[in-house]
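Order of writing sets the labels: A, B, C, D, E and F. Residues in every chain begin at 1.
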Amino acid sequence: MPFEPVILFFLLGLTAGIARSDLKIPGVLYESLSIFLLLAIGLKGGIELARHPVATLLPQALAVLATAAAIPLVAFPLLRRFGGLGRADAASIAAHYGSVSVVTFAVAAAWLAGRGIEAEGHLIVFLVLLEFPALMIGVLLARGAGNGTPWGRVLHEVFAGKSIVLLVGGLLIGWAAGPQGIQPLDRLFIDLFKGVLALFLLEMGLVAAGRLGDLRRAGPFLAGFAIGMPLAAGVLGALTGTLLGLSVGGATLLATLYASASYIAAPAAMRIAVPEANPALSIGAALGITFPFNLLLGVPAYHWLAGSLEGAFR
Amino acid sequence: MSPRTTPCKLLTIICEAQLENDLVDDLQRLHATGYTIADVRGRGACGVRDAAWPPSASIRVEVLCDERTAGNIVDHLERRYYAHYAMVLFLGDVAVLRSGKFTS
Amino acid sequence: MSPRTTPCKLLTIICEAQLENDLVDDLQRLHATGYTIADVRGRGACGVRDAAWPPSASIRVEVLCDERTAGNIVDHLERRYYAHYAMVLFLGDVAVLRSGKFTS
Amino acid sequence: MSPRTTPCKLLTIICEAQLENDLVDDLQRLHATGYTIADVRGRGACGVRDAAWPPSASIRVEVLCDERTAGNIVDHLERRYYAHYAMVLFLGDVAVLRSGKFTS
Amino acid sequence: MPFEPVILFFLLGLTAGIARSDLKIPGVLYESLSIFLLLAIGLKGGIELARHPVATLLPQALAVLATAAAIPLVAFPLLRRFGGLGRADAASIAAHYGSVSVVTFAVAAAWLAGRGIEAEGHLIVFLVLLEFPALMIGVLLARGAGNGTPWGRVLHEVFAGKSIVLLVGGLLIGWAAGPQGIQPLDRLFIDLFKGVLALFLLEMGLVAAGRLGDLRRAGPFLAGFAIGMPLAAGVLGALTGTLLGLSVGGATLLATLYASASYIAAPAAMRIAVPEANPALSIGAALGITFPFNLLLGVPAYHWLAGSLEGAFR
Amino acid sequence: MPFEPVILFFLLGLTAGIARSDLKIPGVLYESLSIFLLLAIGLKGGIELARHPVATLLPQALAVLATAAAIPLVAFPLLRRFGGLGRADAASIAAHYGSVSVVTFAVAAAWLAGRGIEAEGHLIVFLVLLEFPALMIGVLLARGAGNGTPWGRVLHEVFAGKSIVLLVGGLLIGWAAGPQGIQPLDRLFIDLFKGVLALFLLEMGLVAAGRLGDLRRAGPFLAGFAIGMPLAAGVLGALTGTLLGLSVGGATLLATLYASASYIAAPAAMRIAVPEANPALSIGAALGITFPFNLLLGVPAYHWLAGSLEGAFR
């Protein structure tokens, strides 16, 4: 099969949603599954962190953060000028695309694993690091640094937000307890990960089906942006990864991170920090187009890209 | 109505679930003596909010209070949230037992 | 009541959860501008409905609307559902902010 | 209001979830013809009840009944629970369809 | 032990319910567990389908569908004439008994597995196929084909209903992805299946306890029907299975399918399509009597039957 | 690491709660996880019971019940005289500390397992037995045996309460089905136990964070009691265990049971049976102080104690 089997669950949810099935995944199950996924990803990252001396990761991490910051900074003027969007909307969408999608990352990792392609484990650490800077940039773009931005409130929303708490908390626990300490928890957090991911994708399909109406209202520019932006960001990610000496698998994952758009942390933070922005636009683009695009076509494309760059640069 | 009951305002707020933390702080600051919150879903001017995931979840907040407090809360909510958030407000008249509990 | 509020009807419907999809379509067709739904359990003429599994789940639907719309909805529900489904309807008077939102 | 509706009392009780079984028995004994329960959270004189775990869960119970039944229920609840449990009671006026359902 | 250990969870739930314990399984947990079970069964069926060429199953499937259609068609006049039930109630009950219970099937499969008795894997495909025809027959019996039946509405309710969507969706995913594609999901959907079944049975026991009052009102005819009908249908199923050349285990499962009464798909569909029918009657009989009867006595009886027929016919 | 890694999840929850994170574990997930944990513990105990002839456990069980009864009987006058608490509050707190915490027990068992220290499996049976007597003693202390105590109501609350039903129900199922009967359920109830425990501790951390306000109001005497009482009860438990000939691991677990304070069964039963008691005091002490104290310091201390006593007495 050209794509990861778990994606079929997304398509099932999408179909059920479009057919107005009475299949509804209770909101509480959504929350429970997302708590599980965020914590499990954090734990995996922490175990990787325990294996690598943090110091050796630092230069790579800084390079990754610096290049990734380009994504929202480029997206913002594009959306303003060519999309004709207002300041708040452009900033909010830029923040969504600058941040990352945990589930897209997990599907990419599964896709690589299903093909036996190795990837550096510490990419998860980058996932955690890339989650929030774009959110801050988004708020800066919307409001400027100065007058009247309730920065305390915004910082609290970002850093005490569910996804950062669970990702960073899981990271610290995995790092402190180490591989042997976490091992009795593997039955839950490692073995069941992919099955839970499948259930979550079923739910995301149902949610995405409900966003299709928003999409129609969003117009063709945003639809194009929702495919062009991840492709461009994917190139940047694959390039960065290759130059940093990551394996093809690692560069694929970094490209996926750059290309993915957040729909867990970003909507929550932007709603509070930039309330004037219309969430239907950012979520419609990120979840309705970019997310399925990345699952179905993006990941294989980034892998092909990473392979080509590896050939070119070494 | 029984002589032991006193008239009281019941303010109901239906809004995005994400406002809960802020709203609760606002209510305390505006001297509401309490509140009650339920999770709901619905449709309104901002479209369908089906509670299938956090961004589309809604809450229904009830506040028993005197008329002045209700007015203050309505003013504040209208100023701070009404323009940018899915929000509906309505006021009703009820009779409470032990009214001391609901005046600030 | 503050001069900024306008009187409005609040229609509350308590019924079997399985009717939700149909009811929501009906409300739209009958020009309700919105609705709010909560999951509930209860007891009535049709016995205990404890929400332990889908056939015994109930919902509580609130509709803010003008008197005419409320009448139309009540008429329709009574005709279409009242005989065969667990259902209770009641109407109250409230005051809403920005009443334009609730008249069709 | 339409001639088909009849005035009725709506008694709302907000209290600790643990009282549900007892309360439901009490309502039956006091001749309420039904009730509707929703899970809620809130704050009041007894502090924050956030529903994060069973001891801090709350329920909101609605009872449609005639004035006498409402009075009996209020009296009973006040005597039996009010002192030691987190509990709030309020009464409103509504109009019901087919009022026979709500008088005992 | 003469019966499957998971049945003990049903008895625990039933006892707790009768004792008015404060043990309550949240409705959301019920929905989550049933989503899991339906999807897992569908996936298992899909994997079997991937192993068998569909064409070879077709004649068997048609025979199974044809004989199973006799169940509601016989039940209806019985309920009308001897039970004195109205058209709507008789049609609705006939639909419940014509359709199948996924959980009863799962318990029967576990009972066979616990005794090391083999059964054809593709019985799951028949489970999916038998889910809905009886629902259509029930609506036809209640309303006739013509005037005023909102067929669009009814077909939507049946085919976009939760259980069909999850069973058929799972089937298609399992079939498209194949055994290797699904294998990383086995940790969740296969390994945990029986434990989740136990939890679901605990919940069903609590629910069944709440139906005992309905039962008393239903009267002795319906109680007799709720035991006699599954026995008769079980004979039909065992006979069909044996004549189709199924193993003893396979014929036992087919007999269980015929004998079982639906309480997930049927109540939902009948409530919308035949609202005049009193759900307390159909659910009281199907869940309050037939379900525990099949779990405790029916399955061993159908197995004995299948064994005897196998001896007689070969 | 000096303590069990799962405790880190408690600390994460506590930190998130104190930081007013928007991480909220839905109430339904709490209930689902606690149903799982209680049932799983009961099943494990039942399997142990199936291995031991019940008769041989009886004398030990009686000795354990008798000495454990001292805990609420000593705590009550202490709380009355030195704490200045009213009759109802003192009785309710005494009942909490006389009963046991299932989660503390599970963490202690994990701590021992992580160090390869053996412990008698039938300690779980004692856990179940110790759950309720203190609740009855608490009601007696609050109300006296006579006039007007609604004993029917109280007994129903205790014995039909969720935790007793699941623990005893699980015990009976495990005992009736035996190790082989339960074995297909092990994937869920045994393998996932520790992971689910971690999630539950995360939730308890969030809940405990919300109790810190209550604690401040409770005052220094109760804070001292919440540490002194478990230490004293732990000594009693370690002594009892050693004199009964338990291994060091077994004596550690018995000490943990005596030292732990209930926060599942006791709050529910006391709220109904002794409504005049202020739940903020008993829950604040049991969950806000004693629970984390036992997790972090108590368990290692009881192990050291059990080791010393073993040396002294044999």
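As a working rule, a residue touches a chain if its C-beta (ideal position, glycine included) is under 8 Å from a C-beta of that chain, and two chains touch if they have at least 3 such contacts.
These numbers come from a predicted model, not from an experiment.
Trainee: So which chains count as neighbours of both chain A and chain C?
Mentor: B, E
Trainee: Name the chain whose C-alpha centroid is farthest from the C-alpha centroid of chain B.
Mentor: E
Trainee: Measuring from the mean C-alpha position of chain A to the mean C-alpha position of chain D, what distance in angstrom results?
Mentor: The answer is 46 Å.
Trainee: In whole angstrom, how far does the Cα centroid of chain D sit from the Cα centroid of chain E?
Mentor: Inter-chain centre distance comes to 40 Å.
Trainee: Hunt down the residues of chain B that sit against at least two other chains at once, touch-wise.
Mentor: In chain B, the residues touching two or more other chains are 38-39, 92.
Trainee: For chain F, jot down the residues that touch at least 2 other chains.
Mentor: Residues 20, 22, 24-25, 28, 31, 192, 268 of chain F each touch two or more of the other chains.
Trainee: Sort out for me which residues of chain A touch chain B in the complex.
Mentor: Result: residues 24-25, 27, 30-31, 203, 206-207, 210, 213-214, 267-268, 271-272, 275-276, 279-280, 283 of chain A touch chain B.
Trainee: Okay, in this complex, where on chain E does chain F touch?
Mentor: Checking each residue of chain E against chain F gives 1, 5-6, 8-9, 12, 15-16, 19-26, 28-29, 110, 113-114, 191-192, 194-196, 198-199, 202.
Trainee: Flag every residue of chain F that touches chain E in the complex, lowest number first.
Mentor: So the residues of chain F in touch with chain E come to 28, 31-32, 35-36, 39, 156-157, 160-162, 165-166, 169, 172-173, 176-177, 181-182, 184-185, 187-189, 192, 268.
Trainee: Looking at the complex, which residues from chain C come into contact with chain D?
Mentor: 12, 14, 38-45, 58, 60, 67, 71, 74, 78, 82, 88-92
Trainee: For the complex, give me every residue of chain B touching chain A.
Mentor: 16, 18, 22, 39, 47-48, 50-57, 81, 84-85
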